[in-house]
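Letters A, B and C name the chains as they come in the text, with residue numbers starting at 1 for each one.
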Amino acid sequence: MNNLLTMSELTECEIAEILQEAQRFADGAIWKSPNQVFAANLFYEASTRTHFSFEAAQKRLGLEVLNVGVESSSVQKGETLYDTVKTLEAIGANVVVIRHPQDRYFEELTGRVGIPVLNAGDGCGNHPTQSLLDLLTIQQEFHTFQGLQVGIAGDIRHSRVARSNAEALTKLGATVYFASPEEWKDERNPFGTYASLDHLIPQVDVLMLLRVQHERHDQGAGVQMQHYHETYGLTVEREQNMKPGSIIMHPAPVNRGVEIADALVECSRSRIFKQMQNGVYVRMAVLKRALSGVKGGIAHEVFA
Amino acid sequence: MNNLLTMSELTECEIAEILQEAQRFADGAIWKSPNQVFAANLFYEASTRTHFSFEAAQKRLGLEVLNVGVESSSVQKGETLYDTVKTLEAIGANVVVIRHPQDRYFEELTGRVGIPVLNAGDGCGNHPTQSLLDLLTIQQEFHTFQGLQVGIAGDIRHSRVARSNAEALTKLGATVYFASPEEWKDERNPFGTYASLDHLIPQVDVLMLLRVQHERHDQGAGVQMQHYHETYGLTVEREQNMKPGSIIMHPAPVNRGVEIADALVECSRSRIFKQMQNGVYVRMAVLKRALSGVKGGIAHEVFA
Amino acid sequence: MNNLLTMSELTECEIAEILQEAQRFADGAIWKSPNQVFAANLFYEASTRTHFSFEAAQKRLGLEVLNVGVESSSVQKGETLYDTVKTLEAIGANVVVIRHPQDRYFEELTGRVGIPVLNAGDGCGNHPTQSLLDLLTIQQEFHTFQGLQVGIAGDIRHSRVARSNAEALTKLGATVYFASPEEWKDERNPFGTYASLDHLIPQVDVLMLLRVQHERHDQGAGVQMQHYHETYGLTVEREQNMKPGSIIMHPAPVNRGVEIADALVECSRSRIFKQMQNGVYVRMAVLKRALSGVKGGIAHEVFA
């Protein structure tokens, strides 16, 4: 069962294979499912980017899509996640993509459902396809991870991106640094060394800015946005000190003027919209991998 | 016009034909619309199971799907159901599937709209495709309805399932029993005899458990869930007294530990997920029937 | 870039071309995109009619559809419209259809995004595809606009329809009259002459009734519906004084018994449901025009 739940479960070799497949799609390769295959998207949290990136990937592969928004689901009737997924399986879904606010929601499912589960984000936990699209974007730029210096700046503690990327990048041979307000440091994450942003700026090949997640913090948390921008954000001045050839990344949606100056979002170093493009290719690769060899669905469709 | 509004309108022969067609789909038959045909799903109440079962059925038949959720509809602007359906017809829908909280909402439509209406549930009234999928599940097991003993347990009064199934099963030659709390008995339903659940357990071939619909009752209605389970639910102990070869059914979503013990939901007698699979096949048959001979839609598509 | 934002931007010749193409679709012409092309529908306001009319048009052209409802979008995370559209472009949308409550929202987008934008309604501003479907309906009836007399009755001030239609009809050679309560007159609209409804009734070839938009006005605005119907609505009595061969139009949804007597909605003069049919054909023409020559999307799909 080719689930994709966390980056930790993937070997270096598996990561390389997924990125290679994704790059083929980026280069224009077309692959369509020979049979009618159903993908269900089960989103318990709103997400334009991730949801529609998965949906575009599914349609590029010729899959049928069932979009189950939480507002239309039996969750309102108190159904468990397990029963909802089993229902989708019974109805004929061959793969399910899930975003859920609870950390490691998927432990309720693994080994108990008959179709692969692709994690599109769990609470403050994991977001493996985001991590893979970041890796693809870096690989397109530098053709290797060995010896790269990567800075991740912002809310390290609550970020799925920081967690997944720091581990994966370290495994692949890069060195990871964090820059973060004191209260957002994450002592449980051993894959990075803390430094000030101004220290990192002239040194890193890749600067990953994290989103300030207003919606996860109290309004009273008191991190003033203007102050945040000056202290932890990529200002126009800081960008001028970046290393030649270095790139800027952000998982989006961007708070313009907070994590990054408005004028830099589409500057020549920025790969922010490139990341979104790569998201579709990575998800095509992950979906194809999940479905290969699957004999599922009510009509026993198989991928050739 | 091949509407499907209630079970009462179907003759025994028509029921048999629909079940036969559904069984062909269950056995792997593939049938695709030769022309571009549009199905509109108009859901005024949330329903994962019914909605996505219809949508999967539509996509298996190669239909185009328009999902009209009430939240995005002009209902918010006070439009009548009739005008909404006429609008969908004008836009090119060739068939419309409707779930609506009002009993017999379809009386506003019959004879006045030019496309077939499939009832996906009206208030506390009818839910004919649920009934048909129940019949298909029973037929797959026993190959006849003649002489079968069927017990239906729970909220008889408010259940669309109890109403539709008791009538259809009686018509087809089965004997129906009800087990229900006093306040949920339904004196208007003449198609069953009341008995205690413990009396029925060793006797029935099919035990249909009904959902306790928290969302339809006051919180203060005072049916305590633990008490309900012990008195009217299928406990682990009761299951052990069931007749050899008998099966358990439930329209879902299940309240685990209320209507049925958690451990029994997927036990060997349970056909609960089988029912959901059959739901897709039955809806394929009903859609194909509704569309046969239809010359509708703005481009005058016809089914061959 | 073949945007369609306002009627003003179209020359007479372009209007004629769009109507001609739409009429071909109305006559049964079929045209499918030779490549996989994605259309995104970004609706910040609910609209059954416009949304599903566009979706039906897209599916008739064989396009893939991404439906971005505001409830599921990152707008909830404070993302700008520009960033949302750029995201859809990065994900692979080849054209985007937008409805937004803000007047001229599209000024934030023009010249800055790489895919065509089709305006499905902006605030109290424009609604060009509604205008085009009205023109198509009139053209089908009278085969010319020269010398036609058109009355538009109702809330002229807040109506996108009044604004777009009055300008376009005047440009095409018709004469436009308005009938409106004093408080809903629109001094900024120079394309019509005010007269009483009873004066217009026996004289006009086309009577366009506007919707009383309850949802845009205060409940306390005090226009009583019964009074409105008698004074500014099309009553059964008024219809009998209409000119032979004249037709009734309404953008819908209709408030039956307010703008128009219930019994007249589907009378022989009414083209209200015909307008909805024509909406699909006009949107097919506008989508095909927007996509012709486009080399967009992540896989560089082109229209042949």
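The rule is simple: a contact is a pair of C-beta atoms (placed from the backbone, for glycine too) under 8 Å apart; a residue touches a chain by one contact, two chains touch by 3 or more.
Computed from a predicted structure; not experimentally measured.
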Point to revise | Graph distance between chain A and chain C, where chains that touch are linked | key: 1
Practice item. Would you kindly state whether over half or under half of the residue numbers at the chain B/chain C interface are used by both copies, giving same or different? Key: different
Revision key, fill the gap. Superposing the Cα trace of chain A on that of its twin chain B calls for a rotation in degrees, to the nearest 5, of 120
Study note, to complete from the structure: Cα centre of chain B to Cα centre of chain C, whole Å, reads 39
Review point. Touching two or more other chains, which residues of chain C qualify?
Key: 71
Revision key, fill the gap. Seen from chain B, its contact residues with chain C in the complex are 36, 38, 40, 64, 66, 68, 71-80, 83-84, 86-92, 298-300
Study note, to complete from the structure: Residue set of chain A touching chain C in the complex reads 28, 30, 43, 46-49, 51-53, 55-56, 59-60, 69, 71, 214-215, 252-256, 273-274, 276-277, 279-281
